[in-house]
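In the two complexes below, subunit A is the common chain; its partner is subunit B in one and subunit C in the other.
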Partner chain A sequence: MNSSRFAGFLLVLPALTVIGVMFIYPLSYSFVDAFIVPAKDGGAAQFSLQNFATALSLYGDDILFTIVIVGISACLIALGSILIGGYLTLGENRFFVRVLAALYRWPLFIPFIVAAQCMRTFLAKNGLMNGVLVEAGILTPLQTIGFLDWRGIIITFVWKQLPFVTLLVAGAMAALDRSTIDAGRDVGAGRLRILFQIIVPQIMPTLIVALVLSIVIMMSVLSVPVMISGHSPTMITVEMAFRVNSYNDYGTANALGVISYCITGAIAWVYLRRGVKQGGKPV
Partner chain B sequence: MKLTTFSVAGVMALAFVSSAQAETVLTVATAGSQNMADYVTDFLAPKFHETHPDVTIRVIGTGPGDAGSNAIVERLEAQKGANAASDIDVAVVHQKAVGGMVSSDLLEKYTAKADTAKLVSSDAAKNALGVNVEGYVLPMFQSQTAFAYNPDLVANPPKSYDELVGWAKENPKAFGYNGIRNGMSGVSFVAGWMYAFTGEESQMVNGPFKESLVGDAKWNGAMAGLKSFNENVTFTPGNAGTLDMLNRGEIAVGPVWVDMFYSWQADGRLNPNVKLLLPKPGMPGQPMYYVVPAKSEHQDLAVEFIELATSPEIQAKGIVEKFNWYPGIDAKYLEGHLDQAAWDKLFTDIKPEELSERAKAFPIAPYFNAMLTSYEKNVE
Partner chain C sequence: MASLLSVQNVSASYGRQRVLDGVSLELPESGFLALLGRSGCGKTTLLRVIGGFIAPAHGRVLIDGQDMTSLPPEKRPTAMVFQSYALWPHMTVHGNLAYGLRLRGMGKAEITRRIDEILALLQLDNLADRNVTALSGGQRQRVALGRALAVAPRLLLLDEPLSNLDARIRLDLRHEIRSLLKRLGITAVHVTHDREEAMVMADQLALMNDGQIVQFGAPAALYDHPANSFVADFMGASNVITVDLAVSGGMAMIGGDDACPRREIADATLVRAASQGARRLDIRFRSVSARLSECGDAKTPAAAAAVAPGANAGLHLNGTIEQVTYPGDVYRHAVNIGGRSVLIDDAKRFEEGCKVSVFMPFGAFHLFPRIDEQSRAA
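After this line comes the complex of A and B, so read on.
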């Protein structure tokens, strides 16, 4: 018994060491650094909330902006994934169901930075999208507007994260007991009603897990906001990079990092609480 | 048969021994965009290899902007802290980083050993944003920002910052720049703005730093002017983003790096009609520097490498002809090495006398940071 425990410990040791050295140590280091101001004129470095004061006074707008952008993106992703998953589960035209099932995953395999670069030329005022609309006679050149601002960031996030959430949601929907759906149909419920009143409540835990993971990913992306719109207000990650690159100011960058952790931490807490309420098993 | 095997083995052994001898590796780390790493890998390294066949050049690109230089600084600092030899033998860094590198003793004072040091006449070799760096650096090239404009959209572009303010009101959203977070062409535009509207260029460039200038009436007036100016401009996503938007006709005028402009035009990536002008009273440019880390183990070789890189022939063929930068050494030494057409091309839109009158330096570091912070607080 003891020796097998020891063997088990040995097995997890490499993974644990990697997490400790590559993640926990730098994380703690950054966390502590956020609360320290460097030595001035030979004095010792000391504990201070100065970095947070700088972060909040200069980048308060950006923190709000980040929450709003990620929030809107998450809502659109949720809606999109429910609709796509719903069609895959309830769709009657087998051809379209197959085409959609094959197509929706593609953005999963495209890195954020590539997506951002594509969107930069696609969404610009005289970019590919407006070019096609003008050629098709839907818009005149004067009516076109560019989306290289907060809208571009949301569009890229939704485009990139929708397949990931849909993959999980559609899987959960496919695994549902179809008798509940058939029962709904028997009593004459329409497809939308079945989707939102029967299917969605049952896959809610999966949807929330997928959204929490997506939100954490979107919070951490630098390339998309930098490449689509780096002007203020912008996302926290851009300001962190700016503090480090322009001022060599790791303190404020770390303070912004801690704020970012707090936001994702709050979301994770909501998710865990939900799990506890449902019987102590977060799914 | 046996003899053949034996001789093959012998040849292999010889090859092995000679390759073992060829293992002197000179590591060159360069900040800047991909073109910087390309320049060292594709152009300089093969030339150096011709005269030093036993040396292999390893090139590391550390990325664009200040971040790229900071990556080199942090590595050298870490190695100094650990009292270890440096694994970088030659570094190419931006002007903003080099002052700190000199004052924290990360660099070797090498230029007395380099024969080409006497070819350098520019002030930038002595003074980097207010820090005395004489002896520690040789400029690789000088780069410059300017306005690029599309003559198809604007026949009479604004030729000074003053004209630009009125022009932007009449042509809303036709001027585009990239703010201060997204590449140095935008930062340079803001620095030029401060020079033009505070009238304190010489104070900001030469120092010493006076806290009283930051936030005084002139300073705040210039920032307030920039804030209302910003209402009429388009924000572009980065240095390349400004060129992209010019190309697609989304903006008519925007600040760009001159070398990037010419390279894009030479590659056919930019509308050939787009032209450059250097507005009055001027805009900043900056050199990139060759430096040798104090703890490099191949310092003599590093100096030889830099001598090659700053020789008139390489400066003419590589820096000017191939990459469209202004030379780091005095231009008069390039005569005879340079194709006249290549030289003329560099000065088609911006004449040499305009360049000497309006090419400015960036502000010294404390004003530089104060300017960025004021922009964040008062303009955005």
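After this line comes the complex of A and C, so read on.
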């Protein structure tokens, strides 16, 4: 009994060590550091909420901006994944269904930084998108505007995260008992009704889990807001990097990190609660 | 009587595989038709063509004289009960029943009244607020039936609705569903591979094989007068003995070996078939249709008939008992007759190795002449 316990412990040890050294220690260190202010005259550092006060007074707008950006992106991703998954499930033109099924996954394999760079050239005032619109005669050169601001960040996040959420959502839709869809049509429901009243309620747990994971990823991405729109207001990650690089101010950066963690923690709580409801098995 | 459902020369394919091949049938108002056949015979495909879930490659589907062929399921006056019930798990019993009614723009009070009626009819009172995932198989099946009945369809389509239930519940529900549909005057098409279920529930059977209807008629007609060897086999006459067939002096002569002693039969169909070149004859019969007697036992009818050849009461075959089992009520004997093994039930037990005479009265067996390679060679 004891030897098998010891063997089990040995098996777990490497993973536990990695989590402890790479995650728990730095997280705890940063968390504690967020609540500590060094004394000005060389005395002992002391516990304080000063870092949070600084973070909220200087970057309150950025925190709000982050929540709004991530919130709008999540809504658009949810809608997009439902529509794409719905077409893959209910579409009757087999050619378009196959083309869409093959195409929608591509952005999954592109790193955020490459996606951001692509968007810079695509969304700029003289970028590819406006070029096409001008060439097509839809806009004149004077009417063009750049999208390299909050809209660009949202577009990039949606473009990059939509395939991930759609992958899970479309998989869940494909796994549904097809006859529940037929039964909806049979009693008189059209395709849109079936999608939103029969299919989506059944795959809601998967959609929520996919969105939670996606939100956590968007909250932690630095490259996209830096490359698309680095000026204020911007996302929390950009300001954290700024505090560290320009002022060597780890205290305020850590306070921003804790705030960011609280936001994702609240989202993760939704995820875990969902898992408890399903018998302790988060998907 | 005018047909409520008319299927006219319908063909359908999955890719290159032809699943329905020129199927036609008519069903009058309040009729109950069972599409019967083995897995893959096309019966579910035909039901889905009628429901609008599969577009036929050729042919038409008419309901009340109106062409429905190009209409999607949501535009047809049909409702289907699915094999897996297909209840919506995120809704209560009430939600499942009310969905179709809400789509028809019915008021809330009217919906509640209608659902209460349906629940009472199906003995599901007090379950309206229960989630469908918390119901037993039998209750789910009733809710599925109720959901289809709630929208008052002109034609009810039942896709093997009893196949997922326990044997006992299935037996009860057969009778319940039939009496309910008859009481309401509902016209229904029922798909099943269970012969007994089809015979108990339906007024008309359409027995299908390889995408075609091989015989259409009342259950008793198919049971007593199968059109061919396949129908006889499906309807339970699975014992088959093949004997020689010839014609002599306007009479059909069958048999001519130890297993089946030669005898004359005055049957115009056999005479015609033999005249057209059929040299072999399939004798098909059910396990319960034959009687056994030990060879030389003069007290049995078979032996008595053998002793007095003039008594043309039926057909005599000779065989050997290979195996005896007891499934209940009667003994089931595997009897070797001329190299073919058949099953025969008898109240008396005959020991393995015993030579027996097998007697079948006329009407208890079916004769199917066939023109095969051996016939052609002859």
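The rule we apply is simple: the second predicted complex is superposed on the first by the 267 of 283 C-alpha atoms of A that agree within 3 Å, B and C clash if a C-alpha of one lies under 4 Å from a C-alpha of the other, contacts with A are read in each partner's own complex, and residues count from 1 in each chain.
Assume contacts are C-beta pairs under 8 Å (C-beta built on N, C-alpha and C of every residue); 3 or more make two chains touch, one makes a residue touch a chain.
In this text, all values refer to a predicted model and were calculated from it rather than measured experimentally.
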When subunit B and subunit C are modelled together on subunit A, clash or fit: fit
Partner chain in contact with A:263 - subunit B first, subunit C second, else both or neither: neither
First, second, both or neither for A:120, with subunit B first and subunit C second: first
Partner chain in contact with A:231 - subunit B first, subunit C second, else both or neither: first
Which superposed partner A:36 touches (first subunit B, second subunit C, both, neither): neither
First (subunit B), second (subunit C), both or neither touched by A:148: first
Inter-chain angle, subunit B to subunit C through the CA centre of subunit A, in degrees rounded to a multiple of 10: 150
Partner, of subunit C and subunit B, that touches more residues belonging to subunit A: B
Touched partner set for A:201, first subunit B, second subunit C, both or neither: second
Which of subunit B and subunit C A:185 touches, first, second, both or neither: second
Distance in angstrom between the closest Cα atoms of subunit C and subunit B, superposition on A: 48
Shared subunit A surface residues [contacts with subunit B and with subunit C]: none
Footprint of subunit A on subunit B - complex, ascending: 65-67, 70, 178-182, 235, 237-238, 241, 244-245, 248-250, 369, 372-373, 376-377, 380
Subunit B contact footprint on subunit A (complex, rising order): 58, 120-121, 124-127, 146, 148-149, 226-234, 238-239, 241-242, 244-248
Subunit C-facing residues of subunit A, complex: 177, 179-180, 182-190, 193, 197-198, 201-202, 204
Subunit A-touching residues of subunit C, taken from the complex the two chains share: 51, 53, 72-74, 78-80, 82-84, 86-90, 99-100, 103-104, 147-148, 151
